[in-house]
Every structure is written in C-alpha cells, then in structure tokens.
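Please go over the structures that come below.
Both complexes below contain subunit A, partnered by subunit B and then by subunit C.
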Partner chain A sequence: MTFKGKALGMAAAAAAMIAAGAVHANKADGVLNAAFTKELENVDSYFNSSREGVVLQRAIWDGLIYRDPATNEYKGNLATSWEWIDDTTLEFKLREGVTFHNGEPFNADDVVYTVNFVADEANGVKTQRNVNWMKSAEKIDDYTVRIHLKEAFPAAIEFLSGPVSMYPNEYYAKVGPSGMGLEPVGTGPYKVSKVVPGSHFVLEKNENYHDSPKGQPEIAKVDIRTIPDVNTQIAELFSGSLDLIWQTPADQAEKLSTMEQFTVANESTMRIGYLTLDAAGRTGEDNPFTKLKVRQAVAHAIDREALVGALLKGKSKVVSSACFPSQFGCEQDLTSYEYDPEKAKALLAEAGYPDGFSTDFYAYRDRDYAEAISSFLNAVGIETNFNMLQYSALRELRMKEGTPVSFQTWGSYSINDTSAITSQFFKFGALDDARDEEIRDWLNVADSATDPDVRKENYSKALKKIADEAYWVPMFSYNTNYVYTKEIDYTPTPDEVLRFTTMRWK
Partner chain B sequence: MLNFILKRLGLAVLVAFTVSFISFSLMFLSGDPAAALAGETASDQDVEAIRVLYGFDRPMLIQYWDWLSSALVGDLGESYYFKLPVASLIAERLQVTMLLGLCGISFALLTAVPLGVAAAIRPNSIIDRIALFLSVAGQAMPSFWFGLILIVVFSIQFGILPPSGTSTWRHFIMPTIVLGYYAMPAIMRLTRAGMLEVLSSDYIRTARAKGASEFTVLFKHALRNAIIPVVSLAAVQMGFMLGGSIVVESIFALHGAGYLAWESIARNDLPTVQALILVFSLFYIVFTFLSDVLNAWLDPRMRAG
Partner chain C sequence: MSDATTNMPTDPMLEAIVGPTPGQMLRKRIFGHQGLMIGVVVLGLLVLVAIFAPLLAPHDPYAQSLMARMKPPVFLGGTWEHPLGTDHLGRDYLSRLIYGARVSLLIGLVAATISGVIGTAMGVAAGYFGGKVDAVVTYLINVRLAMPVVLVALAVVAILGGSLQVVIVVLGLLLWDRFAVVMRSSTLQVRGREYVAAAKAVGCSTPRVLMSEIMPNIANNLIVVMTLEMAHAILLEAALSFLGLGVQPPTPSWGLMVSEGKNMMLFEPWMVLIPGAVLFVLVLAINLMGDGLRDVTAPENRS
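Moving on to the complex of A and B:
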C-alpha cells in the first residue's frame, strides 16, 4: 500500500533505533521463522503463479532434473540420466528407492500420471506455458519413462529442472489440486505439516531425503507466516519472532544493513524493466513512436545508470537487450543507447518534432521508477500524461488497443532461456507492439531448433534488430534483498528462489 | 412495529441485491478478470485459457445470473484465487474479523461512554479537556501509524506483546486498541453532547428535586436517554469495523475478512468479492436492525413507531 509512504519509513527507522540488541534467535529449538508478503493462492505448484509458490515448490517437490543455480549446470534429480530420442521425445532413467512423504514409492507411474495430468489443458493448470509444450508421457518400464513433446522445444530441459515437479500418482488422483494445496505431498527436502490457506505454512525436514543435488536440509522446521506489511515484518525481526524476511524494499534494507544483528544480502533477479513503444502504430497510424528516430530519442533520453544508482541499487544493472543477460541466447553485443538528452532532442527534431509532442504514458508497478522515467522524457520535450493502472486493467488495454508507451517488467518466471521473454512478446501476440515479421521468424527458428548454435544465432539476430529498431527500451534488471539474523548462514541465488535446503545455522 | 420491521427488511434485501449487482459490474470495469487471475507472469495463451475456463467470454449479465442463482440456493462457489469453497474460506476469515470487531467496539464503548459522561458532568473541566484531547488525537492519528507505534513500544521496546498474528489472545490486544480507538472519538463526543443536553432538561431537575442519588440521576435517567443516538452510531461503527478493518488486519497480519476483501478485489476474485459484499451488507442490515430493537427497548416511545 503505497499511500502509507513516508510515515512508515520513519516508523521503521524509529523501530530500528530503539530495537538494537533485542534479538533472541531460534537456533536452539531449530525453528526458522520466515515471512511471505503475499498471500499464496494454492500450494499446488501447478495452480499458483506466485514467487512464494516457487519457493514452496522447490522445498516440497523435486523435478526430474536440477539446474545448479551457481554453475547453471543440469544434473539428474529424480532422473539419473536423460537423452533425446528424437526432436520431440525425451527418455529418462529414474532414480530408484525414492519415496514420497506419504510413503508412496516413486516410479514411472508417477511421472506418467503427473505429465499426462498437467499437459491436459482441461485440468486447468494455471501456468500453462510451464506445461503446454508436453504432449504426454509413456512408461517403458518401472524406472524408464518417455516424455513426448508437441513440437521441438529445446528449452524442455530448463522447464523440467524448474517448474515441472513430480507428484505421487495415487494420492494426486484421490485429492486433486485443492487437496494437494491443503496437504501437499512430494519427494522434496521438506514435508508440509501445516497449511492455513494464504496465511500460514509449516515445513519439516524430510529425514529420508534422497541423495539429491539440492543437498540435504539442516533446518529442522520452517515456519512461514504471511505478513503483508513490511514494517510489521521488520518489527517481528527485531522482536526475534522472525528470522528471515525477503523482498525488502531498498531503503529499509539499507537501514537494516547498518545493524550488527542482521545480514542483508542482495541478489539480482531475472526480472527486467523496459519501455515498450508502439512501433506498429496500434494506437494510431500517425503515432510518433512509429518513427524510428523518435524511439531512438526515447532511448537516449533516459539516464539508466542514474535510475539504477538512485532507485534500484543493489545488484541491479543496466540492460540493453530485450532479455536477462544470464538467459540462454541473450545477446549482449548489440546497440546500446547512451544517455544523451541533446542527441534525443536532435533526433526528435529530425523526426519532425522540434518542439516535442505529448503522449500517454502507462505503468502498473514501481511508481517511483516509472515517474523518474517519465520525467526524463519530459526533459527532452516528450510531454507525458502519466497513468498508473492496475496490472489487469493495463494488460487489457494493451491487448485490445495498445498503448503508445508503457513501463513494463518481466521476470521470465525464472526460466534461464531467452524464449521465456523475447519470444513471449515479439511473435505477434496481443502484447506485441512491434509486429515485425523478420523478428518473429527468427524467434520461431530459435525456439524450436535443437542445435544450440542455431538457436543462439537466431536469438542474436532478433535481439540485435530489436535494439537497432528500439522497439523496446530495456532499462535495468531488478534485485531482491534478503534480511536474516546472524545465526543463519545462507547465500541467495540470482533466480529469486529462497532455498531453505541450503540454509544452515551458524 | 412488525410491519415496520418487515418493510425495513424488504428494503434491506433490495439494497443487498443492488450492491451486489453494482459491485459485480465494477469488477468487470476495473480490468480484465482473466488477466488478473492469470497473474503477472502469464502469457497470452494462459490468459485466453483462463478466459474460456471461467466463462469470462460470456455476456456479463449471464455471468451475474449464474452467480446469483447459485448464491440464492446457498452455493457461493469456489474462489478463483484459492481454489477453495468460498463459504469455508470466508467462515475461517470471518472468525478473526468478528472477534476483532467485537473486541474493538467493546473497547470503544467501554472507554468512550464513561469518558463522555465524565466530560459532560463537568464541562470545560480538566477531565473534559483530557477527553477532548484523546478524541482529537484518535481522530487525527491514522491507524497504520498508531499500530506501528504500539508495535514499536510494546513489542520491540518492552517486548511484552507479539507484533502480529492470531495464535493467542495477547495477539489481539494491540489490534483491538487501534481499531477501537478509531471508533472512540465519535462515540465519546456523541455521549458528551447527549449527556449535556439531557442533564439540562427539566426531568433531570425533577429527578434531583425528588432526592434521587447522583448515580441514579446520571445512569438511570440521563444516560439511558443520552445513549440512544450512540447505539445507532455504534451499530454503524460495528458494521464498519467488520468490513473496514483492512489496515489493522494488514498491519497485524490478522488475515481477516476485511483484508481478504481488499486483496480479492485486486485479484479480481469475483466469487469471493461477491460473497463478502453479501456478507458485509447483511452485517449492516442485522446491526441496524439490532440497534432499532435496542433503541426501542431503551426508549419506549419508539416501540409504538
């Protein structure tokens, strides 16, 4: 709730001053108390689209494959090995001797049931893009299984190491998504002992966790409560009833980092912020953004370094490609527009707007960033009529009529592949403001080619053209702050997933 | 009296329907429900799949009729967001809100009425000044700020109360004070004004003249008359507390119905919002009705009406 504004910051600062030294940690009883800010809709990972859901998913369930967040190397988890039989068939050898939390043994039947359930659109999996590339699964023997793809989809391995986790077939058939959400059962490092929908989740260490590349959990119990107000979270941290909070705003994290009883760690996320410009003329043929020079002027008008330094801070970086740098295929060697307001004005004049023009400017989150961006535009003569809308309202507007210029962000749902971002927005979907056939064709090749070099080459072509044409003006990557007591030893990963399994008591 | 009540009830039901229809329409105006449901990370296909799955592609009136016809037979549907029956979701959240509301209004009445009476006995005395200060402060302090100050003092500095949550009765102390304090000033000022007016009336002079004790005069003769408007106000405040304790619920992480309503609106969770609006309007109806009955009991003249 942004209207609380400054008063909250002051109260939190006051809290910080008063509270120094009042901490008693929970190392002794082995319980780690953590907070979520948002109410998680359903613990069943196929039926939520929240970051909080991803955190629980990685703790409760396992995928067939695991991507080491430090090296980005793929390792077997529930599968011990895998190979491509052809472009659309993957065969897995499964790990033997793994049991679910309810005692059900893990085998090919579970994989087949899970894949066939989630791939069936009628079952209404909320995050369709995580599963809709799979057609079906087929049992070869008890510990060998094949997954059939609808079409060639090289990012399959990345998805199988992320959002696609394996469910117990008998239990899931009986309880369904609602039952799974209330009493989740997986193979993962943590069992769930309590779920109060949206507000309270208790995890307990899985003593029989298999020899997984995720590592063995040490923290015996993780107690997570949803506390919507960040200041209350900080108060809980001071009073010792919370040990860990995350997604803490930069200004609060800065104050907390000066206090000796807390560790404040900052790590980048895959989310990037960008401006999307109506190059296709969806809001009108004569829309200034249909002119290349105007779009380039916008790119030159914004001091992205200043935005990162003053507002985002932490590990945020300026980005120039329409993707997050670590993603496969995210070309970095392309046109980048330095901050040069004079050049921006000159470009506007060349485009036929010597006195600038006025335009509607839309945003749905991070009002402070969006306002800073719009004031950079005002400074070169692009007078912005600033509109802050609810996410769903702006999305509807963009799908139906388009917007001349809007500040958008995209987190790629932590998928480390360019197909999770660039291909989502430049293939003539309802949110494609460029509608460039050449780019679409390159992306189609890159998305389905199995040869990594072919993929890279085509993503590179597409991204270079997006940069040259300034369809998007990529701004910066986001970051997240993790604040925890000195009793906890933890290194956050750059994918914004909180991993209880790797946390240790000091 | 019965006729009057039936008329009031009939009107109330019409109000409830109108409110539910308007809120249903507003939810559609405020943004694409499919996009809101799919969440920020959704792709185009996700949004389209959800649109078809939930039938958002049908005309709004038909969707409203669907909801209404099942609601009338007691089926409030399933929350789009939580995938759980709305009835059980709301029942769970309402417990917290009702407990908080009852504590809050009790706190408000128990502090405001005595203070108001005390202030009225000696207008412009030091007690009156203190009461005035308290009520101005209560009106001027936003509850999120007051809540945080209480947390800083009682949870962090003295460490005697838990900052947030619902697990024990101690968790409810600070939210009760914050919520109750917000309703207190109006009740207190109304009690004071009512008492002042009543105390200067003829029948009080008569009561004193016949030798009734000061206690009897104040509480039997004066307060009973002065408190009638307070009862109506308290009923409205109670309705407000049940539906409007969003800020308090959010700060103290109470997960009640007010916070659920607030969040559900942002999430375009139509079945939950509709059911909550129905429940909240029912509360207003019930409390207004109860205050009428209570007033009739306090003031025999109203029984005839």
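Moving on to the complex of A and C:
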C-alpha cells in the first residue's frame, strides 16, 4: 500500500468511526430526522402563523373536513357529512369512535368548545381571518353539530379543511394555549412525545389513528430540529444526521439534485411575489407612482421571465393577476405587461420624467430577488434607494405611512380562493395602496355572494381593473424544494405542507 | 557638523567620526523594514486601484445579467470575459471587487479621521490639564469601553437604516476610545518636559503649547493608532454589511460580497474566498504599515 493509499484508508476509517458515533437516522430504526429553518413560537396551531406551525398542525390535529391535495376534492375527516341549512348555518354529522391522544373521546362537545373558543376575539387567536367568520357552534346531539356564521361566507368549507382543527374540550379548558403548546393533544396521525419550544419536536406514530382521508402513517418517529442556517442543514444532510430538509434555496437545491444519494422534489406554492405601488399617493400627493404611466413603466421594466428562469427556477411561473392562478376566481385573461425597457423609458418620459426619478424601495425577504428587481428599475432610470427591513417593521411602516414601492409576497394561508389575497389588500385596509372604490365594491359582492358565477364575474372585474391600472405589478409564484435521502418515498403537494403521514420508507 | 564635512571632506579622521544624519538614519530604517515596505506597497496599490476604478474595471459593477449567474473564475474553468467570475445576479466579480476597494478605503479613512479628531482632542485635554478634565474624560472612556462596538453599531444602524454615510458616522463616533487612551498617556509623558516648561515660561498661550509643543511630539503614536483603527473600521464595515446592516446593495462592498456568497459556500467556495482574501490582504497591509511605523518612529521601544 502506498503512503497515499494508507492515508486514504485511515481517513475512511476515521470517517466511519465518526459516522458510527452519530445518531443515525434511517429506515433501520424507523426515525426520520428533519429540519425546520425558522423557530416555531407555539405549537398550538391557533397561536402561531408560521409554515412550520401548519406542518405540525396537519400532523397532530384533524379538521372536520379534508381537502385532497391531489384532486382538490373535499372529504369528511372528523365529520362524515355536512350540509348548508341556510346561508349562515352548516350542519355536520361527526365520526364516531375517534379518540384523542390522551384517551378523551371525540364528540360534539369538543367541536362546540373549540369553535366557541377560537371564534371569540378575546381569546386572541393569532390569525383572526382563519376563524372570525364563525359566530358560534351549537350541539344538536352527541354526534351532530351546527356552526353558525356571522354572514354568508362561501369559503367556509375551505377554511374548515385547513386552519380550523378540533381540540379536546376538557384538556384544552384545563391547560390553555400555553399548555397545549408544550404538550399538544389532538386526534391526528402523529402524537407529540417531546417539545423543546422553538427548537426540537419529536412526533410518534398514532397507532389508533381513525380511518381518515389523510391515510395511515408509516414512519414510526419523526425528529424535527430547528436549524436556521441552510449550509448547516446541508452539511448535516451530507453526514447523515438529517434525512429531509425543505425550503432549500433554488441554487443549492440544483447542486444537490446532481448528487445521487438525494431526491430533490420541487413543488409550486400559493405564494406570489409582487410590487405594490403607491397609487393612492399615501407617501405624498406628488409621488410619481400616482401616475398611471409611471406604474405601467415599472411593469414594463421588469424581466419577469428572467427572474423566474434564473432565480426562482423549479415550478415557479410568471403571474399577471393579483392572485395565485389556481385560486377560485383568479382571472387570467387580463392585461399583461411584457418586458420592454425602451417602452418603460418612453412611458416615464410621457409621464414627465424623461430623466427618471429617485425613490425608496422596500423589501423584507429574498434579498437577491429584491436586488435583481431594483436593478431592473435602475436600468430604466428609476433610481432605487434600497431598504431591507424586518417583516414586522415594514408592515408597520406600510400601515402607518405607506411606501412608494415595496416588494411583497403573500401566501394566502394556502387557501384556494381569491378572497384570501385580493380582498385582503384592495378593500381599504391599512395595507391598501390603491384605494379604489370600484374595486372594493366588486370585491365586497364577490366575497359574500353564494352563487359561484356572481363571485367569478366580480373577481374578474376587480382583477382586470387592477391589471389595467397597474396598482400591483404581480411577478411570479414561489416554489419550494424538498431534499431527502433516497430511502424516503414521498411526493410533495402544491400547498407547501410537509405531510409525514404520506411518507414511506423505500 | 555639516560645515565640517563640506569644508574638510578629505580628512579621514573626521570622516570616521561623522555618522549619517538623522534623516539618513530614518530613511535607512524605513527602507530596511520589510513589513513596513510590504504594507506600504500593497496599500498603495489598493489605493491606486480605488482611485482609478473606472479605468481598471472591465465591466459596469452594477450591470446584472441573470442569464450569466455564478460563472466560475478563470482559474476554476471560467473565461477571460469574467476573470473572477460573476456573482449571484451575474455581475462581474472583479469589477465589484475593484469598486468595493473604494468603499472599504473610504470608510476606513473617514471613520478613523472622525474618531481620531474626537479621541485626540479628548486625550490631549485630559493628559495636559489633568484634574477634573482628566476625571471626566477617563469616565467617558470607561463608558465607551463598556459598550460592545458591534452591538451598538448594529442597533444604531438598525434604527437609522443602513447606508454608506450612516456607517461611516456611526463607526467614527464609536472608535475614538483607543485614540483617547493613547493620546492621554502620551501627553502625560511629554507635558513635564523642559521644552514645554520653556514655552510656558516665554508666555506661549495654551493652544500654542498644545499645537506646537505637545502635538508634534506625540504625532507618531497618533499615526500608529490611526492605522490600527482604519483596519478596525474596515473590518467592522465588512461585518455590518455581512449582517445586512451596512452598505446597502447595489453598492459593491466586500463584506456584502462575502455575505451574498455565503449561501453557496458548500458548492462555490470561491464566492466567499475571493472577497475574503482581498479583505484579509488590505487589513494585513494596513496593520503591517502601522507596526512598521511604530518601529521606525520609536526605535527605542522596539522589542
């Protein structure tokens, strides 16, 4: 053996020893090690608003209804059937024989308690929009329940299949949200065996999981750690102490996909990225963005195809309407602005800015996308003063004073309905930069109508006007990369929810 | 002595006695000091690069080309079109490095000057006047030393928003402590000297004593601290920019380049290594120069 050979052999032996010492996760011991990037403040799904929270919510709890992510068909989960009694009353027949992880049986009392608790604003559910359409719940008998709505709300079924999950009444009354966050109890496919707030979560398979449309879990144990740095996650993936990471940036995912021991799957998400322009003149009457031609110039200045092709990659698409294309009512047949810097310059000149102008540009995430966008604006003469703020700081600034132009994104809470995005931002709320009464009125009709055709027609009118007026410059939809070892068999869904229940060992 | 050498150049006895002049000795020490020479040459080159950036840079450092992202440098199989490759938005790395030199040097120089003025004024006043003035200045120095620079800079920049001007001013207002400490003790050393007493005896005003008797005799220490603080300011700017709170894009800054390359560290390490290496060379050159200047101007302290 040459010296080089010896050295290599020793290195390999050392590596093997290190590997043997590490906690190894694999098919053999049935533990799947995964990483979260962000800290989760409270596991109680009504008291966090993060994607990580949604992932745990879907594993630990069940809703009355389940939307099949492949077919978008609604199926009964904790309810077996439901019907609209009138515009504001929904009646459910509940599944019998379901028990919570702590042994408490599931029945109408749990539903009534949960709905009444979360619908009461005083209890401070973090994302009020998820629950504030419900007024109260009423028990008819042990397995029949009615939910009363405040007003007609066609997206009720969608919400009940998503963020509204059922809690055990006796346990929740005793421990409250903070206790639930430390020792969560639900009916879901996984029970929680360990919570270290913010950093470490261990899930174990629920052996007595009911016959749910979510399917039966196979992976015996899921060990989730919070690892904020993507490079550390990748290094742990290489060393074998992680089996699955997600939300991996496009460039790294591309490199990982060339390595044969990993599967890189890409799925689109409902999140879209857009520029919101101060058309209402909130930052000053003489703000250039109050002029239609300036806004159109911005739309023509950005090469959205290049952003998608070079930066976002994967299943991202260019979007032209102010919503995600799969959402109900998201009109696609409207004005679209092609990349044409010359036309943008001409429009600026027509608007009275032949030499361009200077403006503050704000962003809170995806610094590289934001930089690329601001560079496109610089190229046509709109000199941008780049400001990167924390999400909460930028949100507050936008609510109080507005911003001339800011790069925003919105994920619609994965709700497949235009009301979850367009109506959020164009109905004279604090974040409405357009303040267009006509659009508000159309959206009001669309949000509360029960006839799908009326809804579609009004959303269409509103979205067309938003595009014509270029209040927003919608740019692209996001995607998520999921990277996992070849031992795992998993097909991600387009709603950015990691489903441990459907994962299998190969 | 010079008369003697010019009038009797041929006298061998006298020639042996006459040594080199102080100027000659200084020159010899300067040119004989390897560290100083390396520092000065490297720093000089970087200053020239910064001054002539528009002539030297092969591309516009702001021109992005999303179709040509992360092209490798020429020694890793790239092309001469982009000798050091391109960054995550397809901008030429070499051009950004060249323009980044301007930012680093400007921040180093201006921040060190601002803090130099503050620190020297405080230090000299404390050392010369003593008593209550000294007590107040010493208290201020202690307060300043108790504040972690990076943390305070982060907080201030986070409140005021990051920009070149803000970073320069914040660093300038934070880095005066070493100037004050060194200038205070240097002044204490010289204020009792005979020439100071003589100047006072002939009736010189206090400002005159400070400016023409004290300052010239402690200037060598000032220069040494100045170089140290320049290097310090440059590193702090890089750290702030790395954390996203320093110079804002698209302004090229080496710290920002390291930060932008960090995500791809495992796959494209050159994106971090190149700006990191340049930053290392600049700070090393400034420190070598500072060390050398100390050795040359105060040979008796040489260890």
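We take it that the second predicted complex is superposed on the first by the 481 of 506 C-alpha atoms of A that agree within 3 Å, B and C clash if a C-alpha of one lies under 4 Å from a C-alpha of the other, contacts with A are read in each partner's own complex, and residues count from 1 in each chain.
To be clear about the criterion, a residue touches a chain if its C-beta (ideal position, glycine included) is under 8 Å from a C-beta of that chain, and two chains touch if they have at least 3 such contacts.
If you're wondering where the values come from, they're calculated on a predicted model, not measured in any experiment.
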Superposition on subunit A - do subunit B and subunit C clash or fit: fit
Touching partner for A:371 - first (subunit B), second (subunit C), both, neither: second
Partner chain(s) touched by A:251 [first = subunit B, second = subunit C, both, neither]: second
Touching partner for A:231 - first (subunit B), second (subunit C), both, neither: both
Partner chain(s) touched by A:264 [first = subunit B, second = subunit C, both, neither]: neither
Contacts of A:386 with subunit B and subunit C, given as first, second, both or neither: second
If touched residues of subunit A are counted for subunit B and for subunit C, the larger one: B
Subunit B versus subunit C as contact partner of A:131, first or second or both or neither: neither
Which superposed partner A:323 touches (first subunit B, second subunit C, both, neither): neither
Partner chain(s) touched by A:111 [first = subunit B, second = subunit C, both, neither]: neither
Partner chain(s) touched by A:475 [first = subunit B, second = subunit C, both, neither]: neither
Gap in Å between nearest CA atoms once subunit C and subunit B share a frame through chain A: 5
Contact residues common to both interfaces of subunit A (with subunit B and with subunit C): 231, 235
Interface residues, subunit A side, partner subunit C - complex: 230-231, 234-235, 249, 251-252, 255, 303, 306-307, 309-311, 367-368, 371-372, 374-375, 378, 385-388
Parts of subunit B lying in touch with subunit A, wherever the complex brings them together: 30-33, 35-36, 38-47, 49-50, 53, 81-84, 89, 92, 142, 144-145, 148-149, 151-152, 155-157, 159, 162-165, 247, 250-253, 255, 259, 263, 266, 268
Sites on subunit A touched by subunit B in the complex: 1, 4, 7-8, 11-12, 14-15, 18-19, 22, 39, 41-42, 44, 47, 49-50, 121, 124, 126-129, 132, 177-178, 181-182, 196-199, 225-229, 231-232, 235-236, 238-239, 241, 389-396, 399, 411, 413, 424, 429-431
Contacting residues of subunit C [partner subunit A, same complex]: 62, 64, 66-67, 69-70, 88-90, 161, 244, 248-250, 260, 262-267
